[in-house]
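Below is one structure; the comments refer to it alone.
For clarity, chains are labelled A, B and C in written order, and residue numbers in each chain start from 1.
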């Protein structure tokens, strides 16, 4: 008896929940309205069946509940009824399948006028490649991938020369232009998914998969990886902006062609050293940093990392919060570096510095006593920053070994307190924001900072160290 | 197909039972045979899936068949033919030992022993092929064709050794009980098992020594 | 043939002597069944705890320091693998299959009792290997229960050193155990049925178990093949599934392999696996419904055909798990069609369950409550399957929480409802005592309502586009904060449902000692297992004489008969007829 009423109530709850739920498909932003139509057909057919079958169930349970004066019917089968039920079910299934197959036929056939571009996935970031003026993407080979050629383009293929390499997880697409997304992965399976576009497809290492859509609504959307790709799967995000064609072309000009990346100036050390004089006051003439002045050690940090951080400071992507006093200080210093060339030069110079700081100077956190605890916590960091904190270009992870522990602690706290990494222009900061949340107490932060600080510094020891002391 | 006519039976009608029907007749029961059939179905599925995987893997660019050109190792498959001879002889011995009623027990046991010897020769023959391949630099991870060669022949040998083990257990039990009738019935199953081994081997042999062109044709026929 | 003896006369060759041979190294199918069940439920409880930890993280992110992204993925993986393989498959086939097959067909034991015992010990070994992976350095694999390469064996995945090896080895051992058991089940059903027990007179439970076992025998090899090849790729550096890869900055030596090949193999096993779990559940729930509604199962033949058809079709739908895998998109047409066709026999089964209740005389016992709950949850889960099977609807929903909600509804909650129904239903036969009614009802209500409170809202997270297997959602511009509230409420329901299961365990143990003594056939059931001379059945099941079957398994409320059920082993002349005579025409009533 109660069960009949409960089932009735559950049907009602389900229907009410469905209609009141604020959680439903995001407003569509692509041409695939036909998918939404199929979903609606499916919803109505299955919803109807759900209600009818369970209403019947509830009624049957109520109507034929135990009565000692009654006997159940004896009815082995009823061919006619079963025949009808089969027929009706078949019709219902066909009603859902037919539109589905029609829409799938659309999905499979890429329109002639679709523009091609390529999505490249790797653990745990996205990058993109556009074909350039010749409209043809150059040949690639996974085995050619290196720090200098992160896309693995073939040097000998002329079509590759003008390919535009967007080594960033932010993508821009022109509105109302069909695009064919060619997909490639460097390592494991990924899935390029934007909920508002409705369609998605796995990226498979070893082959090129594809799908197509037409963005139909201006705005910013998020790219999610939706195929489990390892430890930091949940951090593999990107951003996609749909804008006008002009904006799109403007956006493309920010990024270098393959040929340009191959001939990039390495950086002028002499010019760099000149610019570096502005840094000396705080960071020291050998970039060893200074605890008293709250300046970190920067000597030997990779050029690409310094470049990215300096650009962030310059564009107020980092050091833009009033609570981030030292970040603001850095941002104001950026006036001394007039342009990208200057940034490139000074970054090259910093990379060439080889100072390391003595362990006892690096570790100041008296709170941190347990290196084994720090090591356990560090196991989450090592995927990207490496076993010894040496960093990894391909994962966009800087070298962190041999840094002052107070500095590491402050940066982790900044990520936790959203003083760093939350600006939408910060490509990989959001990953650190989420990772920093894994440290649940100040003790944890102290322990892991001390552990990193204690990792062997990879730069060779020089006499400069003595001098600095 | 009796199952399919059976499926149309209306079991609630009282006249259905036929207490003497085959399914109820203990004289025709043979659980060992039923179990063996299902077991071989499982093994067939295993090899079938490996072969399908193999065939689809042959269509990737890096696949280099082990035969087709004079310098490729399996172009000369003499050793494999010899091995085929061994396993064929083993099967023939089993057939002789189990099929003829008039064969006396000593002959029977001799035949079984010979069959085991031939089977072991087959195993060593296969090992010999492995060694030749490895010596020529065709290691397991050099090419998917090699990987499949080692994997499939290895599995087939394991399958064979499983049969040998089961057979040894039978002989052991025969020594203990001298229940000849039981032994004869089981020997029939063993014979069946060895015939099956040959069929699997011949399929594998044909596939593993096919050339790239053959694979292309097969793949096209299968629609990969 | 010595095996025949088992079926024909009491064979005391393996009659147990002391405690060890009786309860440990036992060859009695009933003891083995209970060993299987206890082991399966034990690992199931581990998996339940893992899911609770996952839910804590999802419901209250950043609140618990004992879970980080690595352990989250490891728990997800182990939870899924344990539940699907080591709990459901083992409990339904190893547990119920073992217990019920010989009793329901009227045999003394399985035809190969020794092999049966071996099957259990091999299963136990696979469980031990699996549990070992929690204690090796790096922990168990975190590759997701699908174990997709390349990531399953690459450094970016937790447990990629030792965990994955132990996982694959454990699976291989499990497959060996299953094959030994499975060969036994099919041979026993085909060869050891009692006199008069034609296939079409078997209870649907046996049809479900038989078909599921055959599916398992033919599908598990696919998993074995993929496990072997992945182990080769990992340990011997072959390139079956591994293409050229740059992993975390390292150029690996692999070349040319195909990750999609693995997926085809995996799902060629994985989809039939769904039915390996579902079909025995379908069968058992049919028997529970018929018995407690005092009515024959409606459309028995249709039910059998549907089981066989579902079993057959389940081998041609696998790639519906791979619509967005990057495989040739033209496959989508074929697999969407076959997938939606399989819905038809499945729907017919649901209709027939409900139609069995119609004009029945329904006793709302605890097993019946669970069976009714099953019909509700299965309808829900089955219908959302039509969403995901229809290829374009799958595009936005695949890899979101909709999928998680769907398969938990259809493959988690529904079979578990049947398992509870079955345990409560057969408990008096297995132990000779009733379980505690009140605790049983309490267990039912909280489980039924609780699971619906978990999974109904979860579908809506999926509609929104929330991806599955995410440790945390973090900031997002389209997922409203209310989604987090929803997640928290799901977690609370999940914790409650989890705790309620302890009451079930307590009930099972408590009733063993303090439960009311049960008669041999407390529910008035017709099938053979209720007609044993002893309760619980003794070794050899049938005393001196094997039963002979005279009717199908569903003679409930037969017109003209005085009792509202006629056991299968009763002849017409043994039945007390109201008119003194059996009615002539049984078809038209």
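Keep this in mind: a residue touches a chain if its C-beta (ideal position, glycine included) is under 8 Å from a C-beta of that chain, and two chains touch if they have at least 3 such contacts.
Everything quoted here is computed from the prediction, not taken from an experiment.
**Student:** Taking all protein C-alpha atoms shown, work out their mean, then name the chain whose own C-alpha mean is nearest to it.
**Tutor:** C
**Student:** Going by C-alpha centroids, which chain is farthest from subunit C? Tell me that one.
**Tutor:** Following the centroid criterion, the farthest chain would be A.
**Student:** Round to the nearest whole Å and give the separation of the Cα centres of subunit A and subunit C.
**Tutor:** Those two chain centres are 37 Å apart.
**Student:** Can you give the whole-Å distance between the Cα centres of subunit A and subunit B?
**Tutor:** Those two chain centres are 51 Å apart.
**Student:** Just curious, how far off is subunit C from subunit B if you go by their C-alpha centres, in Å?
**Tutor:** Their C-alpha centroids are separated by 32 Å.
**Student:** If I count partner chains per residue in subunit B, which residues reach a count of at least 2?
**Tutor:** Residues 10, 12 of subunit B touch two or more partner chains.
**Student:** Can you pull out the residues of subunit A that are in contact with at least two other chains?
**Tutor:** 76
**Student:** I need the residues of subunit C touching at least two other chains; which ones are they?
**Tutor:** Subunit C, residues with two or more chain partners: 255-258, 296, 300-301, 554, 587.
**Student:** So in the complex, the part of subunit C that touches subunit B is made up of which residues?
**Tutor:** 1-4, 7-8, 111-112, 179, 182-184, 186-188, 190-201, 217-218, 220-222, 224-225, 228-229, 232, 236-240, 253, 255-258, 261, 265, 268, 296, 300-301, 304-305, 308, 548-552, 554-555, 572, 582, 586-587
**Student:** Which residues of subunit A touch subunit C in their complex?
**Tutor:** Listed in rising order, the residues of subunit A that touch subunit C are 1, 3, 6-7, 10, 13-14, 17, 21-26, 32, 34-35, 38-39, 42, 45-46, 49-50, 53-54, 56-57, 60-61, 64-67, 70-78, 81-82, 85-86, 89-90, 93, 96-97, 100-101, 103-105, 107-108, 122-124, 141-143, 145, 152, 183, 186-189, 191, 193, 195-196, 198-207, 209, 220-222, 224-235, 237, 379-380, 383-384, 392-395, 422, 430, 433-434, 437-438, 440-441, 444.
**Student:** Show me the residue ranges of subunit B that touch subunit C in the complex, using the header's touch definition.
**Tutor:** Going by the criterion above, the answer is residues 3, 6-14, 16-19, 21, 23-24, 26, 29-32, 34-35, 38-39, 41-42, 45-46, 49-50, 53, 56-57, 60-63, 140-141, 144, 147, 151, 182, 185.
**Student:** Considering only the defined contacts, which subunit C positions touch subunit A in the complex?
**Tutor:** Per the touch definition, subunit C meets subunit A at residues 61-62, 64-65, 68-70, 73, 142-144, 148, 150-151, 154-158, 243-249, 251, 255-260, 293-296, 298-302, 324-326, 329-330, 332-333, 336-337, 340-341, 343-344, 347-348, 350-352, 354-355, 357-364, 369, 372-373, 375-376, 379-380, 383-384, 386-387, 390-393, 395-396, 398-400, 448-449, 452, 456-457, 460-461, 463-465, 467-478, 480, 482-483, 486, 554, 556-559, 564, 587, 589.
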